[in-house]
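The two complexes that follow have subunit A in common; it is paired with subunit B in the first and with subunit C in the second.
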Partner chain A sequence: MNEIAFLPIAAEILLLGGAVLILMAAVTLNLGPRTWAIIAGTTLGLSFLVAWVQWWRIDDVGSQIHYTGDFLRTPMVVMDYFSVFGGGLVIAAGGIALLGGWRLVGSLEKRGAEYVALVLLAVAGLHIMVISANLILMFIGLETASIALYVVAGFTRDRPDSDEAAIKYFLLGSFASALFLYGIALTYAATGSTSIYGPTGIVAFFAERAITEPGVLLIGIALMIVGLGFKVSAAPFHQWAPDVYQGAPGAAVPLMASGVKIAGFAAMARVLTVAFDASISDWAQVISALAALSVVVGTLFAIAQSDFKRMLAYSGVAHAGFMLTALVAGQSGVPGLWFYLGTYAFQLIGTFIIASIISGAAGGASPLDSYRGLAKRSPVLAGALAVLMLAMGGIPLTAGFVGKVGVFAAAIDAGYLWLAIVGLVSAVAGLFFYLRLIVLAYFNDPDPALADEPITAPRSSRLALAVCVSFTFLFGVLPWPLLNLTSEALPL
Partner chain B sequence: MEWFESGWGLSLVVFLPLIGALVVLAIPKAEEETQKWTALLFAGASFVLSVLLALRFDFGEAGTLQLGTNVDWITAINSNFHIGIDGISLPLVVLSTFITFLSIIYSWEHWPEPHNPKAFLVLILILATGMAGTFVALDLILFFVFFEVVLLPMYFMIGIWGDRNEVTLPVFNITTQMRLYAAIKFFLFTLFGSAFMLLGFLVLYFKGGRTFDMLELAANGAEGMLGSGLAVWVFAALALGFAVKVPMFPFHTWLPDAHTAAPTVGSVLLAAIMLKLGTYAFVRIAIPILPEQSQNWAPVIAILAVIGIIYASLACLAQTDMKRLIAFSSVGHMGFVMLGIATMTPIGINAAIIGMVAHGVITGLLFFLAGSMSHRYHTREMARLGGNQKLMPIMGAILGFTAMASLGLPGLAGFWGEFMALLAAFSPAAGLSTTLFRTLMVIGAVGTVLAAGYLLWMLQKVNFGDPKDEWAGHEFHDVDIFEKMAWVPLIIAIIAIGVFPRIVFGATNDAVIKLVTSAFGG
Partner chain C sequence: MNLILATGFLVSRCEGSRVTLADYLPIGMMLVFGIGFATVIMWLSWRIAPNNPTPEKLAPYECGIVPLQEPVQRFPVKFYIVAMLFVIFDVELVFLFAWAVRFESFGWAGIGAMGIFVILLLETLVYVWKRGALDWNVARRGRNRRIVVDSLEDAA
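Here is the complex of A and B:
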């Protein structure tokens, strides 16, 4: 196989090309936001299209592993239903998040181009994480995305809490990346490979040989779980999330929150359920403990918050716990994980769009009191908020319910009934704070000072929000198209 | 009529109100008349269709599920859109469409604050779909979805249109409006139960042959596929979910708050239909699928039911608020229903179903009356009422009649459920302790005396005597035309069921016998 296969990495090429084009258009041709929007939209749209083409291609010729040149023949990229689905999801989430926060780009003036380019870079990095068949490449993807997002987190330099968020994100994130890398190194020490697939890959190693260094391998797996656990904000590695979500420019948080979760969980699923499938009895215990801890800690802390974004950060910890719950079932939990991840990502993006409409695209803090009487100030926005909150709480006829059923079903099937019970009880407790938003929005009167102040939302935000809400509602009532996709989207 | 009987008719009964809700949503806010007529039209159509269904229903085959359909829904987890009615669900479906229709008529000129008929009607219609859907669903996931759909509209109804009086919560020492406290409490209690119910459903799915279909599960359950070690806990999880909804003692504490705080129509729908979702689920899901465990748990259920009867009666005697008294009386009546179910005999389950229907029409009417009276007097304190009979003779007469029905006067609807439940407790199903159930029967019978006591006491305080001085000079408008239109059908139903209980038993009896024989092998 000497010719280079472009299809598996077409999305990366497009995204990187788009990022460069935007910067050039802004610097040398002096073109404005409208051009950036066209370039970014086309790039993301084409990349999403690529995902469909890849899916059809797999339908025709089956999953493919792609290697580096002839010399070492190391597997680098894998094109299976798993990577295509995850890649498409990352691109879609990135696109909707960028659209929803486009107002920020306008307000940044010249620097807006950098922001858009960074977002595209981040999406490319996340995409690499999903498609990589090699742990080193996965790390490179992780770093590409993380570095781009560190910068994005501190983009509004005039606010000190934004700086704080960026520094905190940077320090803790780098620490997590380092742990992940160290985990890769130890895995290499134990198995002699950083590739997952291929004749010399980790899967083949487990199939053919006995482990001589079980301790080293265990530490390696543990460090990788910790590293990725940081990225997806699972407890007890979640402390950065509330400060970053609250401090970073409001419009930039959706990508940070949802995109990283998608790619992080995809990487985790690939590493744990494929590479280390043979030692599932070792890591499933750890994952189940993390899941239970995340669900409980996330829920309890979310109850105590008085800021909407901080509350969402902690609820994100709980959601990470629900997704880990699916992961304890190994490969059979992957469809449940995908469904939950895919629908939650859009709920989260939608919610943050609302938050940035209420507290400004560049704004940070979003006190719960500012949602008081929202139904009277803007019935549509309040309705959207209600749907999203109910979906996050897992009420039937929203996608959140179907997702939760899938996750708990996977856990029960794998024999983790206790984890399902912990999850269900926490889910009910969690409704308390989701409902609190509805109580504030519907059952209270607005602050007299704000009552007459109209809420303005640009068309881009409204469009993105409409997509998120209809997605949430549609896949709650008619979940099977997505369920069919996710049940196919298994790793090779 | 082929299409009508192949599941479309039943689907229309369930989903017409939902379509109506969407249509009402599309009507501009200012055009209240159009909204009202649209809502009435859809609710009426749903009611008429449910009556048509009852006419097309083959009563000779009341034990089999009819007029339903079974199509793929969520294939990934083998969950189907499977609906159908038998003799057990038919009366409840008709009851739910009937009460919904009457509620909309009653609402015509009685909008609770803060007005907004559009939103209120939309919520009633969504509720109607959820309630009717629960009674026809034959797939556990579908059942769960409908069961939960009911929650949200009621939550909003209580939270927005509910009682605005301030209360200070014990323990927390927070002062808040009654509606906020009651709405959250209602939601969290029910959802807590539902979470365990869902857990039970999932375990049933994995242990019962990877299906959510109630009929298949029942067949597998009768064969003992579900084992017994885990099944004890599965039943407990399901029962917890159902018991919160019923509500059974000791999970009943949300009910008095929710009923008292809800707007009139909310209380009516809550009492008349929503409470039946729990008891219906016991009959439809718990007994057929887990017969052995139902029998093991029956004494516990029966004891809790009887505690509920006595406790609720005593609590009623301690109330000063008329609406709260009626709310507590619901707990007692549902206790009789649960006692009937716990006997696991055809007589007991028949009693339970007629008890549900009777409680639906009687307590529904009582809440209508309480709502109308507090609308006029602006208080529900029984100490301040009194002499109602003189101020509003028709209202007083209806209240007297309904109270009599509620205390189980022979010849009226309330009699059959209580009488037969006690009768069934005299000889419970084989395997249950006769001594225990006979003791419970005696205690339950004391409960009927107490019920007569508190209802007569309420009548005496509210209706009799002379009007209080504070009402001197007030002109009270007696029952208006919308109230009459909503109440007269209920009064007719109370008398009709009381005199001809066959209206209900004709449908239920065969179905109940079949259920008991297939669950316990005769």
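Here is the complex of A and C:
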């Protein structure tokens, strides 16, 4: 047996240990939410610290591929700037999402421990997706995260729409996972490997020979794009998103929406721009079609929504399209993708935290009318909402603007001017529903029944929201630190 | 027979450095045997059995008694929990077997790895035990459950 390198998988070990500790503390010692919070916070904090240590380690000794077995045949985990940046992003998003939705844990009583443990396990699964150098390991990470999130989606048992959300997410998600797995199988049939790196990996395979009859390989790539496209809710695989975001317990949605998008796009970037870099001319057209469809469909459907969470879900489809726009440029689009993903994830978490404050931590539907006159009921919340909406719309001085510039620049450099134009037109059209929220909040009078009812936000939600809003504003005014970081975070 | 074929297949796969189409011969033979066996049995039962149908015999549940109740009933969810627990520990055993046949060559590292695996599963057991999943008091929970599907007698 070879020595086991613990540093690349330290975050998973910590998260798994934290989840086990929380479950055990809850049932054997009868410890309450305060203890769970301490354990979860320590775990996530240490995991984030591990990301820094990994970054320094790569600075010292360079990127590393870690194998399993004696013959250096099967790379499993890769430690490069890409995986460290993505992993840190997943952990940060998971931590802030958990903090913002902590009120849900208190209302669940004993089952709260399960919720916290499931969130930690989901973050571990998403982290595996980002760091894996093997398609099968990537699938295992995807399933770990997905199964945990299926359960979280149905955690509020007394609401039928929560059950509906869970069963829809489960059935459609399993189907997408199966497609992804079938894509891996066909890729294996075409290239003889499920590893991306290594002497017998897919990259080495393409370096050595050209495939003359790429039929099987193309179907494999297509199926993997479908599977991951479902997870990041890119059109036309997005139909589950509105129902799930609306039905799932409000405080759990931030992680479901942002974490899966981060890991899904990281996996997509790793698979497409590294493993199948040689056949970029084949998949870039598919990705560009998906991107164009996503931005148009997402924007058009978001305009028609009367529920805030459904609107955010469809705007998420449009944002997935913007991120796919960066992906058509191959590896040179990865920094743009990272910046967009890193800033959008926190905008999304922030807006869903606001939604969970307005319509309850366990609540589902969040009609737009309940945001009428928000500025009079809670000026701070309305201000945060305004900043986040402007950022999602891509107004200058917010991080959303810088992100969109990077994405469109990458697409234009790669020769996809038409895609950038489609994206720009959709972004302008999208301003309509983002600004409508601001108009509702500032220039309308609140519903008389709600006008006197104060909005109570726990300290945890306010803290998480403050982090999200300040990130959005800070990286909009001073994007250079993050831009430098993302330009380094390239896959091996 | 399948086991023998599968073993033969594995041996031939391990010995040769290159896989040729001949290595897949056992699978092909198994396929032919399987389809052939099923076909012969079905042909025999069709050929030998006397064909003398009555309405009772053509009923979906032909066992002599006219069905009184729809089979779609509510089961206590306990059965599923117990079934899931069974599957968890069944799968654990499968992994333990694979490790046990080679456990000397794996050494202490193998014992450590299996230890982590077993402890994680034991932790699951402790958790579900403490949460009451093994508490088989169906009557206490199910007493007030109403019957969803009326019996056919009542309907008639």
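Note that the second predicted complex is superposed on the first by the 487 of 492 C-alpha atoms of A that agree within 3 Å, B and C clash if a C-alpha of one lies under 4 Å from a C-alpha of the other, contacts with A are read in each partner's own complex, and residues count from 1 in each chain.
Keep in mind that, in the parts below, contacts are C-beta pairs under 8 Å (C-beta built on N, C-alpha and C of every residue); 3 or more make two chains touch, one makes a residue touch a chain.
This one's a predicted model, so the numbers in the text were calculated from it and none came from an experiment.
Taken together in the superposed arrangement on subunit A, subunit B and subunit C fit without clashing. Applying the stated contact rule after C-alpha superposition, one finds that A:Ile421 touches subunit B and leaves subunit C untouched. Look at A:Leu390: by the touch rule set out above, it reaches subunit B but stays clear of subunit C. In the superposition on chain A, A:Pro479 contacts subunit B only, with no contact to subunit C. Across the overlaid complexes, the C-alpha centre of subunit A sees subunit B and subunit C at an angle of 160°, to the nearest 10. Legend: residue contacts after superposition of the two complexes on their common chain; A:Ile219 is shown touching neither subunit B nor subunit C. In the overlay built on the shared chain, the residue A:Leu23 is in contact with subunit C alone; subunit B does not reach it. Counting the residues of subunit A touched by each of subunit B and subunit C gives the higher count for B. Applying the stated contact rule after C-alpha superposition, one finds that A:Leu431 touches subunit B and leaves subunit C untouched.
Of all C-alpha pairs linking subunit B and subunit C after the chain A fit, the shortest spans 46 Å.
The intersection of subunit A residues touching subunit B with those touching subunit C, taken from the two complexes, is empty. For subunit C in complex with subunit A, the touching residues are 106-107, 109-110, 120, 123, 126-127, 130-131.
Subunit A makes touch with subunit C in their complex at residues 1, 16, 20, 23-24, 27-28, 110. Touching subunit A in their complex are the following residues of subunit B: 72-77, 141, 144-145, 148-149, 151-152, 155-156, 159-160, 179-180, 183-184, 187-188, 191-192, 195-196, 198-199, 202-203, 205-206. Residues of subunit A that touch subunit B in their complex: 335, 390, 395-397, 401-402, 405-406, 408-409, 412-413, 417, 420-421, 424-425, 427-428, 431-432, 435, 439, 442-443, 479-480, 483-484, 486-487.
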